[in-house]
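Once you've had a glance at the structure underneath, I'll fire off some questions.
Letters A, B, C and D name the chains as they come in the text, with residue numbers starting at 1 for each one.
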Amino acid sequence: MKVGIVGATGYGGLELIRFLHNHQAVEHIDLFTSSEEGVVFSSKFGHLVNIADTPLQKIDDETLEKFDVVFTSTPSGVTSELLPPLVGKGPKLIDLSGDYRLKDPASYEAWYGKKAAPPEIIQQSVYGLTEWNADNVKNASLIANPGCYPTAVLLSLLPLLKEKLIDSNFLVIDAKSGISGAGNKPSQTTHFSEVNESFSIYKTNTHQHIPEIEQAISMFAGVDTAISFNTHLVPMTRGILTTAYAPMMPDVTESQLVACLRATYEKHPFVRIITDVNNLATNRVRGSNYCDIFVKVDSRTKRATIVAVIDNLVKGAAGQAIQNMNVQFGLPQTTGLDVVPFFI
Amino acid sequence: MKVGIVGATGYGGLELIRFLHNHQAVEHIDLFTSSEEGVVFSSKFGHLVNIADTPLQKIDDETLEKFDVVFTSTPSGVTSELLPPLVGKGPKLIDLSGDYRLKDPASYEAWYGKKAAPPEIIQQSVYGLTEWNADNVKNASLIANPGCYPTAVLLSLLPLLKEKLIDSNFLVIDAKSGISGAGNKPSQTTHFSEVNESFSIYKTNTHQHIPEIEQAISMFAGVDTAISFNTHLVPMTRGILTTAYAPMMPDVTESQLVACLRATYEKHPFVRIITDVNNLATNRVRGSNYCDIFVKVDSRTKRATIVAVIDNLVKGAAGQAIQNMNVQFGLPQTTGLDVVPFFI
Amino acid sequence: MKVGIVGATGYGGLELIRFLHNHQAVEHIDLFTSSEEGVVFSSKFGHLVNIADTPLQKIDDETLEKFDVVFTSTPSGVTSELLPPLVGKGPKLIDLSGDYRLKDPASYEAWYGKKAAPPEIIQQSVYGLTEWNADNVKNASLIANPGCYPTAVLLSLLPLLKEKLIDSNFLVIDAKSGISGAGNKPSQTTHFSEVNESFSIYKTNTHQHIPEIEQAISMFAGVDTAISFNTHLVPMTRGILTTAYAPMMPDVTESQLVACLRATYEKHPFVRIITDVNNLATNRVRGSNYCDIFVKVDSRTKRATIVAVIDNLVKGAAGQAIQNMNVQFGLPQTTGLDVVPFFI
Amino acid sequence: MKVGIVGATGYGGLELIRFLHNHQAVEHIDLFTSSEEGVVFSSKFGHLVNIADTPLQKIDDETLEKFDVVFTSTPSGVTSELLPPLVGKGPKLIDLSGDYRLKDPASYEAWYGKKAAPPEIIQQSVYGLTEWNADNVKNASLIANPGCYPTAVLLSLLPLLKEKLIDSNFLVIDAKSGISGAGNKPSQTTHFSEVNESFSIYKTNTHQHIPEIEQAISMFAGVDTAISFNTHLVPMTRGILTTAYAPMMPDVTESQLVACLRATYEKHPFVRIITDVNNLATNRVRGSNYCDIFVKVDSRTKRATIVAVIDNLVKGAAGQAIQNMNVQFGLPQTTGLDVVPFFI
């Protein structure tokens, strides 16, 4: 399998390289960038000396057509223009940006503040939440790989919402992310001395992942809801933990929630239901494609706390993208992704 | 003023020393501990060489009686026995542990799993949330200094609950703390290699600060409510950020919330209402006695997000304790506490 | 291949599990511990849920004899007693502790303060610095896997000392390590709040790795020397960087040093000679078995600075141990170790 | 006393504000910047809300002349042009940049790669290593405040070199700094995700503090020497630790070194001689103006290890600058600087 990575210098791109290096079905990887053509990749990224000493290539439609898979890991607003000419040509397209996730172009433009991709291409794209959409992923030409926060939120809430075990009318989701989620571009808000040893909230109720989450809840659980959703920055590089609060539906018990989650993910290798809260933390999934889920009911308030942890760069980006590629090519989902989390 | 600190080797004790060193009304500080009698304090804590070279003293009622103020910064379950003989004797007593915060001994015993202090002593104690209880603090013999989480939660929510601007029937509080909140005793959950670069949740819906918060909401805002309250560990040493979610009462606007907060704290030097979310982070209050509050209404859900940040060891412990001491002795509240936050 | 790991709960043990999970020649792993028999491993280490759900077993000679390889990753002073009965029985023994590294029992007892292993067993053991001792490793029954600091120091200095390009009479080595080097046992010196955001020196001129380094310099470079060697704690989990200073021998140039290093390691997949200092950092090798080396000559002082970085838990422990296992079993050295460093 | 701070938005400037806020002799502070005129300072730096709500002012000679003291905390190459017209006018000038430290303009131009200040102004300037130059500081119009690394190195080495207790012919200094030393400008090398959890070396043998150290050793100890000096980045915000290695002069003992250091600094409040290495770490001086020094002799190699720790932003910048101001105005050196280090 020949793979092209567009946006190789971003953290999503670097993680794709990390995992594809050990993917048995991948024999060749080319790296593309909007600038820096000709630069030897490992001269920019010392960890890749002897591993990726190839030059960066200029993005070019004709070249990209010749790959079996093209991953695009670019800022929003890039692939809405780049990918349409490639759809249905040769390669499977897996887009890690947000440009194809929202089915409603007006919603995209409102939340992203950018021009949406062509509606007909958006419609063809398949939302790549693998555990919930593998049948469609299998035949898709263009996959909209889910956002990092939505992956954690949806995997933990969809089963409970679909089975009507929790009340969707008061859904509060408090999300926390490591700083790599902000990408590789230096700024004051990612400047070590100013974010180190500090915890903060950002984009109060306005994160662009809100409509993505609500759309997927509607799509997969059949429920229309407006969520409260806030995002926070944790002074660490990787990891997302989402804490969701929802009233229980009448007469539902904690063990029913656990049973529902277990039943849903029984055959899914990357979702683990954790029962001991001491075993739940972002470093228990770091570097891996796992999503760990924990649920607890507060008998005083009759509300459930539903917690999920993922590595934002793996299950929240590159890992899930490769998981989708595996599905498209009929490989076991774990191919190239069966690694032990980097606990310490 | 002569000051005794019981539990000097804990982080609350160390912070008391840090601030009292620059407190103009304090002329003498003695340090007490349950063990290690005679050990020169600075031999244990190198940062205090030349500053606190005094030996640790054995805790002894007669000795303690001679101080003007005695701060007790001990684990829960210690001062319930230690302080009763001292009440009403000589010194003002300021207890930083949780032993005198809950008015209902049964509640204390249920949440703390320890024997409560004598009911009559609990009744005499005054809850030292300075901004809300200064009149009672002024004349108190025994102050129950508030917990770290309750301080942030109460300062940010009380004005809005009291004025009935937000709905107390669905109050979700998602709290995050740096690791110093766990104290100075080593354990696997504070072992650097296992908590560094990891974010986790702990004590889901069972933190002992829950009844303290609910009691104070009842006491100061006149509202009885059961809160959802979860606590998380942030891989940093200091700082608490609490994110609260509440439905707005009908026809209430965001600017009313801001106005209410501003009016409440207009004359209180340590509470700042922040309007630019980029200026809200735990490092903006680190090392200081400030509590910064930010509020934002989500027009989609008609719910308010109310955020507070404090330094858990200062406004959440030693700083507020000294603020209470200042009130008791008729000093300006800022005496010894007027420092610039340690931003970087 | 059936593998037993003694001391599985330590960080060396956990890293062995992480790599052996993806080692194609390993079909079975059993975990042993001196206590906690019967405890399901993943109940202690949440990151291993679904990966290592096996119970910990009691250490027992007869059981251990049946493995093809036994790794011992225990504190010093354990395998000096545990391993002698197993030598020459069935399994290849790879000891990650310091008990078999020093050939002189008196030296061991002086530097470690413990009773040495039986002299005849020490003599049989082979020092497993793979790049320098593969021929002996191949046939060894018992391998003394090198210490973390010595690995970095020796790989970077041996070629230059052996070729007499630098002067061994004034060799200063300033070493820095992440905190995982202190192991998994909580203590005040690994307590998050007290080591976070702090850099310190420890064991000034008295680290037990000093005689190990000097012995190997004598053994592999034929030079007897007494080194200056200090160790420092860096507030991060993984990684070692060693900075060595040595006068240049007359008329030697920087390019000769680089050429010597390149020639030495040309066919060794895990040693990389780095020429751009911006590409040299512990996170460029994190999680991998690489040792990166950089050399620079100061024309003002005619002294060389020789820098090496490794991941202390991989090339400095578990990774090199598996590399040695590969050599013993005639496998390519990279088997199971060919991973991309965990840069971010 | 009226104080002006030029370069207020840098970390040196922020620390000046932090300390001057509690300086009893300072009644007014104005803030100057090369851009952003009119911007309310606290709108950029949330920690200063209610503390520094004044607008930034344009740098202007006539305005600056009216202050009693002007601190300049700017990048190198700025004050070489800015300050000459102000010298001898009204204000005491304290320059935290490197522009006036090197007496030889050619050396400045070689090491800094910028045009030097006018030679006659350089000659008038006084090197503000307070403990060693207070007499000259007292009457200086223009103080060249020492660099961060030189402060730690010089305070620890000067007494031993001056008394000829250690050999200056083989002086190796291995220095480590927190990331705030790189200033407040974002770049890839200060981008959280890429420096967090990583230790690196930079500017091998080429740091511009080398000639400053050698000049001061010549000036204060009367010794001409060429040092080996390398600098490293520690993944923490504040703190410098320098480890120096030097052969002992014949028959000199460790206790002589300690005695020499103690005698030298007996009456200097900010230098502490530490004898227990466990009490030596950057967090033992963090946030304070202390320089802690530790010395140990290796009996095997007859070499001394001399270690110093400071807070790079305090004793290495703003703190020492204020200490110099105190000397100039006849105040006790500790005025405004007598704070307890921020240990945790």
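Quick note on the criterion: contacts are C-beta pairs under 8 Å (C-beta built on N, C-alpha and C of every residue); 3 or more make two chains touch, one makes a residue touch a chain.
Molecules present, by chain and UniProt name: A, B, C, D = N-acetyl-gamma-glutamyl-phosphate reductase.
Keep in mind that this is a model prediction, so the values were computed, not measured.
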{"item": "Graph separation of chain A and chain C (steps between touching chains)", "value": "1"}
{"item": "Centroid comparison with chain A (C-alpha atoms), farthest chain", "value": "D"}
{"item": "Distance from chain B to chain A - Cα centre to Cα centre, in angstrom", "value": "38"}
{"item": "Centre distance in Å when chain B and chain C are each reduced to the mean of their C-alpha atoms", "value": "46"}
{"item": "For chain D, residues that touch 2 or more chains besides their own", "value": "11, 178, 180, 193-194, 196-197, 235-238, 278, 280-281, 283-284, 286, 343-344"}
{"item": "Residues of chain C touching chain A in the complex", "value": "11, 14, 17-18, 21-22, 42-43, 45-51, 180, 196-197, 237-238, 269, 272, 274, 276, 278-281, 283-288, 292, 313, 338-344"}
{"item": "Residues of chain D defined as touching chain A within the complex", "value": "11, 178-180, 182, 184, 186-188, 190-197, 235-237"}
{"item": "Sites on chain B touched by chain A in the complex", "value": "170, 172, 174, 176, 178, 189, 193-194, 196-202, 204-205, 226-228, 230, 232, 234-239, 241, 243, 245, 277-278, 280-284, 286, 294, 296, 298, 300-301, 303, 305, 307, 309, 343-344"}
